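Here the chain labels run A, B, C, D and E in written order, and each chain numbers its own residues starting at 1.
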Amino acid sequence: ATPKDTLVVAFGFDDIITMDPAEAFELSAGEIMGNTYDRLVRLDPADSSKLVGDVAKAWTISPDGKTYTFELKPGLKFASGNPLTAEDVAYSLQRAVMLDKSPAFILTQFGFGKDSVKDKIKATGPLTLTMETDKAYAPSFVLNCLTANVGAIVDKKLVASHEKDGDWGYAWMKTGYAGSGPLKLREWRANEVITLERNDNYYGPKMPLARVLYRHVKESATQRLLLEKGDIDIARNLAPQDLAALASNKDVKTTSAPKGTVYYISLNQKNPNLAKPEVREALKWLVDYSAIGDTLIKNIGVIDQNFMPVGLLGASTEMPYKLDVDKAKALLTKAGLPNGFKVTIDMRTIQPVQGITESFQQTAKRAGIDIEIIPGDGKQVLTKYRARTHDMYIGQWGADYWDPHTNATFVQNSDNSDDAKAKPLAWRNAWIVPALDKMADAAVLERDTAKRKKMYEDMQAEFRKTSPFIMLFQQTEVAAVRSNVDGFKLGPTFDTNYMFLVSKK
Amino acid sequence: MTEPLLVVDDLRVSFPNREGGRTEVVRGVSFTLGRERLGIVGESGSGKSQTGRAILGLTAPGGIVTAKRLAFNGIDLLNCPPKQRRALRGGHIAMVLQDPKFSLNPVMTIGEQIVEALQAHTKVPGGEAKKRALAALESVQIDDPERVYQLYPHEVSGGMGQRAMIAMMLIANPELLIADEPTSALDVTVQLQVLAILDALVTERGMGLVFVSHDLRLVSTFCDRVLVMYAGRVVEELSAGGLAQAKHPYTLGLLNCLPQLGEHRHPLPTLDRRPEWAL
Amino acid sequence: MPGAGPARNRRLRALRNAGRFLVVILLTYLGLLAVTFFIGRVMPIDPVLAIVGDRASGELVARVREEMGFNKPLYEQFVIYIGKILRGDFGTSVLSSHPVMDDIRRAFPATLELATLGILIGVGFGVPLGVWAAVRQGRWVDQIVRVMGLIGYSVPIFWLGLMALVLFYARLGWVGGPGRVDVVYEYTLANVSGLLLLDAAMAGQWDAFANVLSHLILPASLLGYFSLAYISRMTRSFMLHELSQEYVVAARAKGLSEARIIWRHALRNAMVPLVTVITLSYAGLLEGSVLTEAVFAWPGLGLYITNSLQNADMNAVLGGTIAVGSVYIGLNLLSDVLYRTLDPRTRSR
Amino acid sequence: MGLDVQHLRVSFDGFVAVADSSFTVKPGESFGIVGESGSGKSTVLRAICGLAPRESGEVRLLGPGPQPEPGSKAFRRLVQMVFQDPYGSLHPRHTVDRLLAEPLAIHGIGDEQARIERALDEVGLGTGFRFRYPHQLSGGQRQRIAIARALILEPQILLLDEPTSALDASVQAEVLNLLETLRARRGLSFVMVSHDLAVVTHLCERLMVMQRGRTVEMLASGDLAAHRVAEPYTRQLMDASTGFRRKPVIS
Amino acid sequence: MSTSPIKPGLHDWLMSDRPASRRQAAWGRAYGAWRVFMRNRLAMLGLFIVLALILVAIFAPLLAPYSPTVGDLRTTRLLPPSGQFWLGTDDQGRDILSRLIHGSRITLFVVVLVAVLAAPIGLLVGTVAGYAGGLVDATLMRITDIFLAFPRLILALAFVAALGPGIENAVIAIAITAWPPYARMARAETLTIRQTDYIAAVKLIGASPWRIVLHHIMPLCLSSLIVRVTLDMAGIILTAAGLGFLGLGAQPPMPEWGAMIANGRQYVLDHWWVAAAPGAAIFLVSLAFNLVGDGLRDALDPKGVK
């Protein structure tokens, strides 16, 4: 059994590489950041489609749409006891830009450069802060980006005290903690345990429990046994069959939420066969969507044929494709490949990806397409994908921040050369459609939300028809929870899986 | 005592063969032994060692031993309980094995192995046992018993190993010793020393000795009686100094074929084995 | 041979042997380093990806690659790599953000504890079973030991592990579940050596000790069962050889009891080759068993190294390799020493 | 062909097995070496044919014309050796046929079949043994095969390392007779090692007595038969070979 | 007692004490070994299983009731063993029995290839090192040590990663990690063999070192090697399986037994048959190889053949 004042969570978190919000970009790390750091604004825990102020009490946008002024809540304190001021906020955002780690682009896309950030983001008073963007972006876009972990507020005094050789405290922050969130990080032992404790300095409602302990448990079956036995309170990485088995257990309930992660198969346009529009379409008719949805991803995902996951602005539920071998065959004949062709697919050996790939292989075979599966593990498949040397690739894309623009990567590609600077997903599949690219650029500047939504819907309509992406499903995160645990709710992103609301009976 | 020390009547030892049947390697050997020296000679494979082993009950697994009578001091060896048999071994009947190089446990010191033999039969405290072991080593004419006591078998020469083996087998004062070619691995000079030790034991302690060898001349100068074996049978029995009376062509052949110092026989006479000998 | 001459000779020889052994160790380490380096280069995994993740832009990847020195010529990288290691700097693990040596110091005791108990179980049951099978060669006991051993060898360990968990943990509740210790003890148990059993015992926290043991016993038994198969098989074959030796006949001729002959005489000789088998099995367990560690949520070396390799976290892989290599070298030395003490023939001359 | 050994010295890892040994074997002569176990007899033979490391000293073949170096392939055709242990000197997995064919193959001598059959005949075994394995042969038969193998290259000098000490008395006589016949037929030179004086004097004209790696005495067989020996050690050996004599019991 | 399946004339010809030709002698020896082997009932059982495996592999398409690669997600997924699917179905709705039958080919392929690759490498390295001694020995043994000291799975993983996935590469990777123990064993044996008189005798005849190693030493190390390799078969299958777990063995949907087990791992708690069936198959085959190995040890013992 678990201690009364401790929430024990079994969670596979071997992806975490750092605890620095300016660098942390992994899903599991996002959850820790979400619980331990405050930011200017965050998604409303009660209704995640709404934005609410976190440390910001209010904000205004200048008429030209370029200057944002935030007013902070008064009397805030960090876990360390230091007061939280506008200075800290400015420092935190500047720090993220200066360090320029993976998630920094979320901020720098607004035109903050290493040399200009100090001028563009600055504290204008103890509790006021201004931020100046280079263009008049859609405000929802800007604010959504600020909910990301990279916008987390760190304790300037504390971080500065650990600074070495002007590293902005980077070395210390990898495992250190300098936040003000509802929980504070006590310890992170990679692949072993993460311990969060209640932060008594938190401005909001205090967590009813004293601590949250994450234990790294990889195997779904192991998590299930632990949960059944009551040695953990929440199991986070259960496979469909284990979820199904737990459904009949009185002591356990499940909760789920659609996540911003979509799974897809992509077709490299460098492959002459895959570059044919008819082939692209034919392959979309060769996935047995409904069977996959009812079996392999049951409970953990829902079929989705659009690149925008449900929950984001402009998401679509159009699903024109289903398994239709005859149609695919006709398209292949039209493409001059009546007898099919041979092609490879790179796949990570994890479920449900492998099951889906094998199913796809079987259905494609029925139209004469011979798919060779190239399995790989860890970063191996990814290395190949990023080098564009694959034929087909199956994988997932998770939202970087809670705004539709995060998935424009599916359509944006302005430079298709091998040494292009930005390498979005469209580039990785050598797909270049200038019209869509432009439309994506325009959408972030559209300040009318309704119009902006329409733009994304149009993009997706085109995308469904011609893109070399076979969109498969949107992930649903499911957690199995012991029945004595209350208040646990999964958010649309990992950053919004709030643990501090949980209590135990 | 009415019965002799050892009675062997129609001893047979057989092993399974590859054809699925059994082959008798000792075929009806009979003799009795008092407190005397009995020699057994024969060529390699004639069944000498198997005879000795059968008496101690050390026939290899798979072998079957039968006899009309096999008795030691009136105890029927074939039908007595295994526990009694084991108590007899070493304590009352001992055997010096053919090859000292392989008969000593390579990872135990000579001393340990001797003490162990003693303590298997009598309750002797450690200190006393060591003393007795040293005495035993000395009795087989080992010059520096203290040192040899601590040596491992590989650290002693063949002659010393053989003597240690004899000391080990004699320490429990057996009434009967079966010595299986105790000298064939040794130098001529050492050979004689070992024989002298055995001889003294018989004359001084009144022990019975079965001496196995393939060297007829040596055996006949050493033993009171000699059995000549061929193909698992005793083909002739000779008394000491009775070599001249030997009649069996095999015995005669054995006697003849050795080169002798100062003799010129070119070519040497050889044995012409006749199939009827083996019948 | 007494006298000053041989004694000095012996000392000289000992010195020379020690020197030779040192060179051997150094060469082995160098080889390990070179092979690890080579592996790092041939792996078709971009190490930068472990740092920046999937969603980073091409620009960032290029920049980090340069920062990490991955675009220098190979020989230069190798020199830098060797130079750092000579200074004792094994670098920082990309994945855990900790110095690699810290990680190893955490992961290794977990594996060590598991492997040690495992090998104790393996030897404790394997050797007697092997002896028994040898004594009863060809009889049903022999067959049962064989089949039992082979099952240990061929049944997938995760399957056995999960089934054992279901039975002994979930149903019967006899043992602790996955993980090294109950959550309650997570921050109350003294942590000095990282070997929780030892730490608990030294701090006198006997309830914690019992808890640690209850978590340890199942995976350790499993590993023990796994090594038992091999150990019992080899014990049997060595014992068969020993039991057919003349000295066994001689021991019988002395009138020793069968038990003494088997355990004192034959087994003592069989132990000589057996120590090598046992130490090699132990080394195998100390490499860490990825699957056992996964099933039992055991934060050990096997998972650490595998995970690092799959993310091309080569510093960590190197640290792990050095740890495993050192264990191997150490155990080799140990088996050498044991061999020498067990077999007097190797001692003198 | 004869053999000349001068100041031979052999040591193993610091241990001197043969300190200083010199002797000459005339062509066609049979020369014996006797001594206790471990005195270095085998080592002398092994050093002659290059199986033991020669630390110093010289080994030469005596005969007309230039002579091959010890250890060379040509030397091997002229000097062959028969080992002490008939059980250990034949490869356990090779048939007699293979054992005998091997030297022919190495030296590129044709006419295998005939030569093998002839060699088997010569050692009195006949072709029935041709496809047997060593473990299917008795000790005497093995020693005959070993002799056949040594002879199949038609050497001039045969080194015999206790060729009969592992054999029964009766078999020993057969092997000794065989060696004698072969020597007469082929005109071979023998160097024979044994610890049995009777055996050595039976076969050799001259002999050398060794003790602890040194030559103790060099004498002719006739001297021995007539008990004309100088060294006490030789005398001791001589006495021992007459059999066991019980010391008078002191009562 | 001996029941000979061979007619008396042939039997006599084979068992002849005096074979007339090399061929007859060789056949006779093989026949003798076979007779010894045949008398070992357990070894025969093992051989029977191995032969059955070979036959199953050869006739897999005829024997398998269903396709090994095609299943129906909707209707036949994860069905327990029944009259229709004797061993049940897997998560793709494929018949497990059919997969096992087809997988026997791969298992055989792996086992044979590893044996063919690793054993000779180990044998060669070990015998050469043992016979040559000195620098050659030191160098070869250092290399062996490094390979031994290296975490095996890492080495295999790295090689597979470098060579790319696929069962052939997995086999190569396993072979690369499997040879060092054989080398050590062969070296130890060589060290004793090279001291023997029969090696001295062939040296005397003038045989070159290579000839001695290849013709005289290797054959002697061979029997213990064969025994050891057959004992290792289970280990080999399972290492392949281990790579399969990590996704680096066979390419899906190949019915490799290890990969099948790996796949079953997820369903162990509720659908035990998915992993149990291939597990039992591996057990049976490794038991068979083990029994054959023991039988071979007896039959190859030089003193065992009359």
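The definition used in the following text is that a residue touches a chain if its C-beta (ideal position, glycine included) is under 8 Å from a C-beta of that chain, and two chains touch if they have at least 3 such contacts.
Worth saying up front: this structure is predicted, and the values here are computed from it rather than measured.
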>> Touching both chain A and chain D, which chains are there?
In response: E
> If you walk touching chains, what's the least steps from chain A to chain C?
Replying inline: 1
> Most central chain by CA mean?
Replying inline: C
>> Centroid from C-alpha atoms only, then distance chain B to chain E, rounded to Å. What do you get?
In response: 48
>> I'd like the Å distance between the centres of chain C and chain D, where a centre is the mean of that chain's Cα atoms.
In response: 53
> If you average the CA atoms of chain C and of chain E, how far apart do the two points sit, in angstrom?
Replying inline: 25
> Which positions in chain E touch two or more other chains at once?
Replying inline: 161, 164, 246, 265, 268-269, 306
>> Could you pull out the residues of chain D that touch at least 2 other chains?
In response: none
> If you look at chain A, which of its residues touch at least two other chains?
Replying inline: 221, 225, 377, 380
> What residues of chain D sit close enough to touch chain E in their complex?
Replying inline: 46, 49, 51, 73, 76-77, 80-81, 83-85, 88-95, 97, 102-103, 106-107, 127-133, 135-136, 146, 149, 153
> Where on chain E is chain D touching in the complex?
Replying inline: 17-19, 22, 24-25, 28-29, 196-198, 200-208, 211, 215-216, 219-220, 302-303, 305-306
>> Quick check: in the complex, which residue numbers of chain E touch chain A?
In response: 69-71, 73-74, 77-78, 91-92, 161, 164-165, 246-248, 251-253, 265-271
> What residues on chain A touch chain C, complex-wise?
Replying inline: 2-3, 6, 8, 10, 14, 17-19, 25-26, 100-102, 105, 174-175, 189-193, 195, 213, 215-219, 221-222, 225-226, 228-229, 231, 377-380, 382-384, 386-387, 397-398, 400, 420-424, 427
> Inside the complex, what are the residues of chain B that reach chain D?
Replying inline: 43-45, 157-158, 186-189, 191-192, 195-196, 199, 203, 214-218, 221-222, 253-254, 257-263, 266-271
